[in-house]
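Once you scroll down, you'll see the structures, which are given as C-alpha cells.
Each of the next two complexes has chain A plus one other chain: chain B in the first, chain C in the second.
Right after this comes the complex of A and B.
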C-alpha cells in the first residue's frame, strides 16, 4: 500500500474508493441531481403544460409563491406544525412505550410484533384505514365517541379536525419507529448506573429523567433529525385523507407543489414552490446535522 | 398491605397500557379486515351482523387493473431491491472503511440529497421521463426508485459496516489479498445478514412508495399504491371493495412482520 501522491491523478486506494461509489454516484447524478437542476431551470420560466412557452421570467414565480396567501397562511404553518407536533408527540409516546416494554413480561414478543405493523404497512393503506375508522357516519371511532357521549365531529369537513386526523395518522405510523429504536438503545445501556441509582433509592421517574434520558440523548437526537427531514415532506397521508382540503386548508408543502403542477398544470410555479421547500430543508438539515455533531462530541 | 395494594395497582396499570397498545395498533387494521369480508350492504354494521363473504376479494381480483398493479409493484420492488442494494453495498463500504476528502464529500452529497424533499425532484423527473419516452414504463419507474434508495441505503449500509470489525479485512490484505478480494471475499460474506435485513426494508419501502407511483405511473403500468389512491379519492364509497384491495396490498407487510420481524428490527436499528 504505497501512498503515491500525484497532483492530478488518484492513487490506487482512491481509485478503489471511486470505483466503489461510481454506480451509486451515476444513478444519483442522472435521476436526482439532473432533475433538480432541470427543476431549478423551470422555476425561472413561465412554463405551463397547456402553454409550454418556457419564457424566461426571472424570479417572478418565486415572488408569486411567496405572495400567495394559501402558501403563507396555510401551507407553511401546516407543514411546520405537522413536523413539530408529529415528531414531538411520537418521540414522547415512543419513549413511554419503550420504557414500558423494557422489561420482561408475558406476551412481550407479541407486542413487539404488533407495533411493527404500522411501519410495514403502506402509509396509503394506513390513511385509507383511518379515513374509514373516522368516517362521519359509519366510522368506528365516530360511533365510539358518540357512545361516550361526546359531541359529533365532522372529521373531514373542517380545517382543524382534518388536520388533527392527519397528525394522528402520522403519529400512529411513527410512534412504533421511535419505540423500536429507543427500546434497542435502552437494552444496550450498561446496567451499572441504574443499579447505583436504585441503591441510592431514586424513584423510577427520577431514574428515567436523570439516568436513562441523558444516556439516550445521542440516539434521540439522530432519530429526531431523520424524522424531521421525513415529516417535512409528508405527502401520502395528507393526499389520501384530505387531498389538501377542505378548501386547501390542510395542504402541506408537498401537496401544494403537487397541486400546482398536476391540477393547475403550472410547472414553472410548482418548480419554484418545490425549490423553496428544498432550500428550507437544506438549511434545516444542515443546521440539525451540525447540532448532531456537536452533541456527539459533548457526550 | 399498602405495598400490596400499590403493587396490584401498578400491575393493573401496566396491563391496561399493554391492552391499550393492542387496541390502538391492531384496532384499525382489524376493522379494515372485518370490512373487507362484509357484503356491500353490511359494511355499516360495526358491532352487529354475522354476514360475512369473500366475494369482495373475488370481485377485486377480477378487476384486471388491480391484479396488474399488484404484479407490477411486485416486479418493480424486486428489481429495485436487487439493483439498489448491489449499488449501495459498495458505497456504504467505502463510507465506513475509508476516510479522506473523497469519503467526506460523498457523505456530504448523500446527506444533502437525503434532505431534498421528493416532490422537488419527482416533478422535473416527470418532465424528463415524458421527454425520454419512458413515462409510465418499468424503466421510467425503476431508475428513480433506485435513486431514492441510494442516499438512504448507503447511510444504513455504512452503519452496518461500522458494526463489523475490519480486522479480518486487514488480515486478508496483509496475506496478499487485493482490495477487491478483501471486499468481495471477506467483507461481503460477513455483511450478508445485514444485507438480508436491508433487502426486506428496501422491498417494502418500494412496495409502499406512493408519490413516485402517483406521478410517474399511469394507465399502462399501474402500481398498487396509486391504484388504491384512485379508489379512495375517485370512487370513495365502496368501502368493502376498498378494504379488500387494502388487505391484499398489505399482505406482504403482514407476512414480513410475522415471519421476518427479526430482519425488520435489525434493519430499523441500523
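Right after this comes the complex of A and C.
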C-alpha cells in the first residue's frame, strides 16, 4: 500500500476535507475571528472616531465601563431582568401552548398556525406595531385598557412601563418559538410512560410535572441556552420601542455598546463593553452547556 | 384476584373494525395468553382491558364491576409494557413507589411493599440506580416490580419479553413463571411468540384479524387445532399441509396426493364420510413424519427427495420434496446420515393426522 502524503503531511482524504471546510473557515476568519481580534485590540486603546489616536491605554476602558453608573445601575440589571423574565415567561407560555396543541381538538391546525404567526414577522416590525399599539394617545391597547376602566399608563414615558413593554414584545416574539420546539419534542416522546402513569393513578398535573417535564428536560435546556444567549444581545425591539430611554433607563447591553460606538463614536469604550458582554455570555453559556450535557447523559 | 369477563367486545377505528365481538371469561387467578401475528388485535384487546383504549361495543367486567367507562387507575390493574415504560429520571425505588405515592399510601407501607417486591425480584442492589443504568432484563424486572407493589386484581403483560435477546427471554420466561407461583394473580399476557404462549398460559387464546380463532389449554391448541390457521401458527417447524383426494376401497379410506398415500383410521373415515368432502387438506406435524418404515399397523410409508437438512445438534430437520410439495420432518436423530437429493423413505401414523376442510379451513372432527 502506498501512502500518498504531500510535503504538508496531508493525505488525499484530509486535503479533500480541508477543501470542504475552507469556505466556512474563511468566512469565519474574515467576519468573526478577525473582527473579534480588532475589537479586543480596540478595547485597550483610546479609539475615538472623532480623534482616532489609537493610544494604548491598557484596561482603562474596562474600568470606565465597570465604574459607569449607567452600566451598573441600568444596563446590567435591565439585561439580566430582560433575559430571565423573557426566557422564563416565554418558556412557561410555550410549554402551556405546546401541551394544549399536543391534544387533539377541532381546529388544532388553525390554532397552531395562528400561534406561529408572531414568529414570521420581523422583530423590528413587531416592535413598531407594539409601539403604536401602546401609544399614549391613540394606541389600540391603551384605548382598550381605558375602556375597561383601568388607569392610564404612560407606557413609553416611564422606566418600568417602557421596560415592561420591551419584555412583553420579546415574549410575544419568542413564545411561538418555544411552542413549536416543545410541541415537536412532546410529539416525539414515547407514549408508554404516560400510559403507565395513567395506570399508576397520576393526575394530569402530576403527569405533566413528574413525567412530561423531566422527559422534556434536555430540549428545554437547549432552548433556554439558545434563547438566553439571544435575549442577552437583544437590540432591535429596545431600539425601536424606547431607544434605551427615557433617560437611558431601558438600555440593555447591545444598546449601550451601540450608543458608545455609533452615537458617542467611542470605539475603544464600546469594544470594552462588548468584550465584557461576551465574557458574561461565555460564563452563562458554559454553565448552561454543562447542564445540557449532564441532562443529555441522563436521558 | 378477580375474574375478567369480555362480552361481545368490539373495537372500531372509524368504520374499520379491528376487534370483532370478543367473548372471553378469565377465571380469578388464571393466566391467559393472547397470541397471534402482528395486527391480529391482541394488544388492542389488552389495552381495552387496561382502559387505555375505549371499547366501541360490548362489556368488560373486572370482578363484579363493569369497567367500560372507568379510567385505567380505577380498574385495579397493573401493566408491563414491551419497552418497560419506566420513568427514566427516577430511581428504581421511585419507579416502584410512584403508583403507591399517587394513591396516598403511607411512606412506611410503600417501603415495605417495595422491599417485598425487590426481594422477590432480586432488585435490592439496584434501588438507587436509574433505569438507563440497568440492562434490559433488569429494567423489565423493575417493570414487573412496579406491578407487584400495587397488589392489583389483574396483571396485564403487553409483549414484555420482545425487547430482550433470546437467552434473556428464556430466563425471564422462567422468572415470570416462578413469579406466578409466588404472586398468584389473574393475568392476561400478550405475545406473538408461541413458545411464551405454550409455556406460560393456563389457557391460550389464538387471534387473527381481530377474531378469536380458538381458546384452549396449550395441549388442546397444539393437538386439536380448531382450524388451519391455528394449526400453522402453533408449532415449530410449522405443520405440513397437503391437499389430498379421499379414496375408499373395500371399506378402507385413504388420502392420495402425488407420490403420497396414507391410510386413514376408521374413526377419521367415519367423520369424513359424514362430512361428505372428496378432497380435504391433510395436516401433519413435522415431528410426526418419521424416517424409515412404519413400526405399527396404522402407519403408511411414502418416499421423498431430500431438499435441505438442518442440523440443530439435538435433532435433525429435513425438508423433503414429495410429489412437488414440501414436507418438513423434525426430531430425526442428529446422527442420521442424510445427503441432499437422496431419496428417502418416511412414514406417518394415520391416527396423528389432522384434517381440514378445503374451503372453510376448519378442522374436520
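We adopt the following convention: the second predicted complex is superposed on the first by the 283 of 299 C-alpha atoms of A that agree within 3 Å, B and C clash if a C-alpha of one lies under 4 Å from a C-alpha of the other, contacts with A are read in each partner's own complex, and residues count from 1 in each chain.
FYI, a residue touches a chain if its C-beta (ideal position, glycine included) is under 8 Å from a C-beta of that chain, and two chains touch if they have at least 3 such contacts.
Treat the numbers as computed from the prediction; the structure is a model and nothing was measured.
Following the overlay on chain A, a side-by-side fit with no clash is recorded for the pair chain B and chain C. In the superposition on chain A, A:77 makes contact with neither chain B nor chain C. Between the Cα centres of chain B and chain C, as seen from that of chain A, there is an angle of 80°, stated in steps of 10. By the touch criterion defined above, A:190 reaches chain C but does not reach chain B.
Note on chain A: of its two partners chain C and chain B, the one contacting more of its residues is B. In the superposed pair of complexes, A:59 makes contact with neither chain B nor chain C.
Of the two partner chains, chain B is the only one touched by A:123; chain C is not.
In the superposed model, A:287 lies in contact with neither chain B nor chain C. Of the two partner chains, chain C is the only one that A:217 touches; chain B does not reach it. After superposing the two complexes on their shared chain, the closest approach between C-alpha atoms of chain B and chain C is 13 Å.
Note: no residue of chain A belongs to the chain B contact set and to the chain C contact set alike, using the contact criterion stated above.
Interface of chain B with chain A (complex): residues 14, 17-18, 21-22, 24-29, 31-32, 35, 43-44, 46, 86-88, 90-91, 93-94, 98, 100, 102-103, 106, 109, 111-128, 143-144, 146-147, 150-151, 154, 173, 179-180, 183, 204, 207-208, 210-211, 214-215, 225, 228-229, 232-233, 239, 242-243, 246, 249-250, 253-254, 256-258, 261, 264-265, 268-269. Here chain A touches chain B in the complex through residues 1, 12-14, 16-25, 27-28, 30-36, 38-39, 42, 97, 100, 105, 107, 111-133, 135, 137-138, 140, 143, 172, 176-177, 180-181, 184, 229, 232-233, 235-236, 239-240, 243, 253-254, 257-258, 261-262, 267, 270-271, 274-275, 277-278, 281-282, 284-286, 289, going by the rule given at the top. Listing the residues of chain A that touch chain C in their complex gives 190, 192-193, 195-203, 206, 210-211, 214-215, 217, 298-299. Considering their complex, residues 50-52, 71-73, 77-79, 81-89, 98-99, 102-103, 130, 132, 146 of chain C touch chain A.
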